[in-house]
Amino acid sequence: MRHLISMKDIGKEEILEILDEARKMEELLNTKRPLRLLEGKILATVFYEPSTRTRLSFETAMKRLGGEVITMTDLKSSSVAKGESLIDTIRVISGYADIIVLRHPSEGAARLASEYSQVPIINAGDGSNQHPTQTLLDLYTIMREIGRIDGIKIAFVGDLKYGRTVHSLVYALSLFDDVEMYFVSPKELKMPEDIIEDLKAKNIKFYEKESLNDLDEDVDVLYVTRIQKERFPDPNEYEKVKGSYKIKKEYVEGKKFIIMHPLPRVDEIDYEVDKLPQAKYFKQSFYGIPVRMAILKKLIEDNER
Amino acid sequence: MRHLISMKDIGKEEILEILDEARKMEELLNTKRPLRLLEGKILATVFYEPSTRTRLSFETAMKRLGGEVITMTDLKSSSVAKGESLIDTIRVISGYADIIVLRHPSEGAARLASEYSQVPIINAGDGSNQHPTQTLLDLYTIMREIGRIDGIKIAFVGDLKYGRTVHSLVYALSLFDDVEMYFVSPKELKMPEDIIEDLKAKNIKFYEKESLNDLDEDVDVLYVTRIQKERFPDPNEYEKVKGSYKIKKEYVEGKKFIIMHPLPRVDEIDYEVDKLPQAKYFKQSFYGIPVRMAILKKLIEDNER
Amino acid sequence: MRHLISMKDIGKEEILEILDEARKMEELLNTKRPLRLLEGKILATVFYEPSTRTRLSFETAMKRLGGEVITMTDLKSSSVAKGESLIDTIRVISGYADIIVLRHPSEGAARLASEYSQVPIINAGDGSNQHPTQTLLDLYTIMREIGRIDGIKIAFVGDLKYGRTVHSLVYALSLFDDVEMYFVSPKELKMPEDIIEDLKAKNIKFYEKESLNDLDEDVDVLYVTRIQKERFPDPNEYEKVKGSYKIKKEYVEGKKFIIMHPLPRVDEIDYEVDKLPQAKYFKQSFYGIPVRMAILKKLIEDNER
């Protein structure tokens, strides 16, 4: 593994290896002792569009490993503004750093960058493609909180049409055995046809629902995403729909599932739910640190071998 | 001590303990040797409004201790812009970092944050409340330069109505014994009535003056603040007034007092004064480093105990 | 050496000493082992105008040495916006950091800052003056790729009138023995008269050319710079001219010279040239790291002696 561009580049074996390494990283974090595993190494975060949360999560992971970070986010004031190409920028930065986390608005940017970089590239989002580290931390959360990925029943709730996080996780889960999926969304925001076709081709059990109330009691994970007003041509339609996908305390109490959310949350989960044992979204966010530590360490070490 | 939100949360004993620890930090700094006291720890600076100087002072303190920093200042491009609440932001960041320095425009924000954070919160200013670390570094400067805080005579000069720094320091000094205070300001910018009442209730000696010339020769500290044009409804009033509170070389020479200023200075102290031995404002700014080192260290250690 | 403000402050001996130290730094970098040569030290990058590339290069150099960085680039939101002078800013920051890299739009700013700073100042550009570390990395590139500086033949191509990089390098090369220079530019962008006079006074061999085709086959270095449209009063004039100074694959193949460029490149060198062995501009950019490491280390150590 030289770069991490897309979940489609890695198989189940490699995923499990990363999750395993992340578990070790989490244990090291728990000791509260300083680590020097990447001492002297430099991560460059190169963000052509802002994403503070993702950037901070990677920076934290690098620093927890004893490594250092340089940050290039103010692109309007950089060489890019003078007309420099992505390729030239990557060539220069890959002469400074040991690894690059790239976020770019154009689909394919990360793949292109990886062809010109001397050091590993991690895709932190390019266009409509989801960044693979989000998917890996989602998988890690399931593994840690449910104890397994094979055989789980997972319900996706909210915007399933535009939610990149959801598409990438659905794909990744399709690599595991006997996963059952429930897709709960307003009809305007249903899972895209190509993903549905792919699941059918792979013989994966899935069920499309329009309401939380139609959901199998037995589900292990409720993966909630934000429904954005802008997605509806008619604002009235949005107002009508949004309430029905809001997760409330009464709905959650006594259920066996855990609740995940890629964050930021706006109002799709009631604040009162936060205190319930089912709420795992802040833990999920924390799990991004050991997962990204595992990935940074693996890629840098593989590259220097 | 789990958080540092307001000077009103800590007593004289605790203040003296922090000043004492700061003295040790200053001595360690003077050795010029690298420290690893907070190696592997991460400070998050979360600034909902900019304050570069305060941010850099905290970052320097953390790095001098061997710790690391992650910075969230570009809030317009972050999850906050997507509608995330302060509480959610704090919950996520407190999963990344070991301590958070928070600056926020709304009064009470730091207290609220502390109720949801897993890690200590330091208030670096919320609304009209002054940040307590400024007050602690002011006290440290007096201790270092005068040798004691009990029994000092201190004159506050300039904008005493809106100056948060002044209000917080006046309160903190009221915890010490036999402190005498002089308030020198234009009548438009006099010390607020509630603070006056509080001092009377505590039987603290204070004197209100309209001119520097009425000041007791014997004063130990001249604490100067900026008079902002915007504070005057009538610009002519400002022009008339400002000259009389400007500190000039001739006024200072031969006096026994030290001059303090929270900085930035615009023109309320003549540049010629900088070379005089009474000028301590740049030293005061430097003292912010050992004081913040002491606070970071204490809070992180107390939290992990 | 207490500060690095201008190439005119240092002689050939000192230049060679820095290049020598840079060579050692490059060898240390190649070991891939973490360095702690500046552990516990802090570099402050104070940029009154943005220059992301320069800032990242210094930050990388500092971090490779085990040192730390604080960054002050968002000046509109800092004390500067409240009316603080450069001198006060430098006084405060020099109480935080062990060395300052300063970029400022006004000529003479770095020199002024050095008079008030307790710690070394490195000029990263002030007004029309080039920053000396760019020149030192250019010299280092020549030394590493050609094996010597004395006696080289170098051609400068492009905008020789406004190119600060070129002016500073021409001056520095004039300190070496038997250097021959070729100046290839449109007549609107010829080398300024004062530099020409200086070269004549020093008896340095130089030749002015209007076309790449008139160039001596035997040249060792082709130093290419960007021709900016804005430099031409008449846009048609620019369109006519620009093609003739573009470096193409056919021109380069089989030649003995190396190609340098301060970057960013826009379209003055064809992308196809990048793969040819003559292309050294990305290597040149990398060489900025060991050169800046050498300078940071030397200045901090000299200051603490």
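A few notes on this one:
To keep things simple, chains are lettered A, B and C as they appear, and every chain counts its residues starting from 1.
Please note the rule applied: contacts are C-beta pairs under 8 Å (C-beta built on N, C-alpha and C of every residue); 3 or more make two chains touch, one makes a residue touch a chain.
Quick caveat: nothing in here was measured; it's all calculated off a predicted structure.
Rotation angle for the C-alpha superposition of subunit A on subunit B: 120 degrees, rounded in steps of 5. Where subunit A touches subunit C, the two copies mostly use different residue numbers: shared numbers make up under half of all numbers in play. The centroid of the Cα atoms in subunit A and the matching centroid in subunit C are 41 Å apart.
Under the contact definition stated at the top, not a single residue of subunit C touches 2 or more other chains. Here subunit A touches subunit B in the complex through residues 32-35, 50-53, 56-57, 59-60, 63-64, 66, 73, 263-266, 271, 282-283, 285-286, 289, going by the rule given at the top. By the touch rule above, subunit B contacts subunit A in their complex via residues 36, 39-42, 44, 68, 70, 72, 74-75, 77-79, 82-84, 87-88, 91-93, 95-97, 304.
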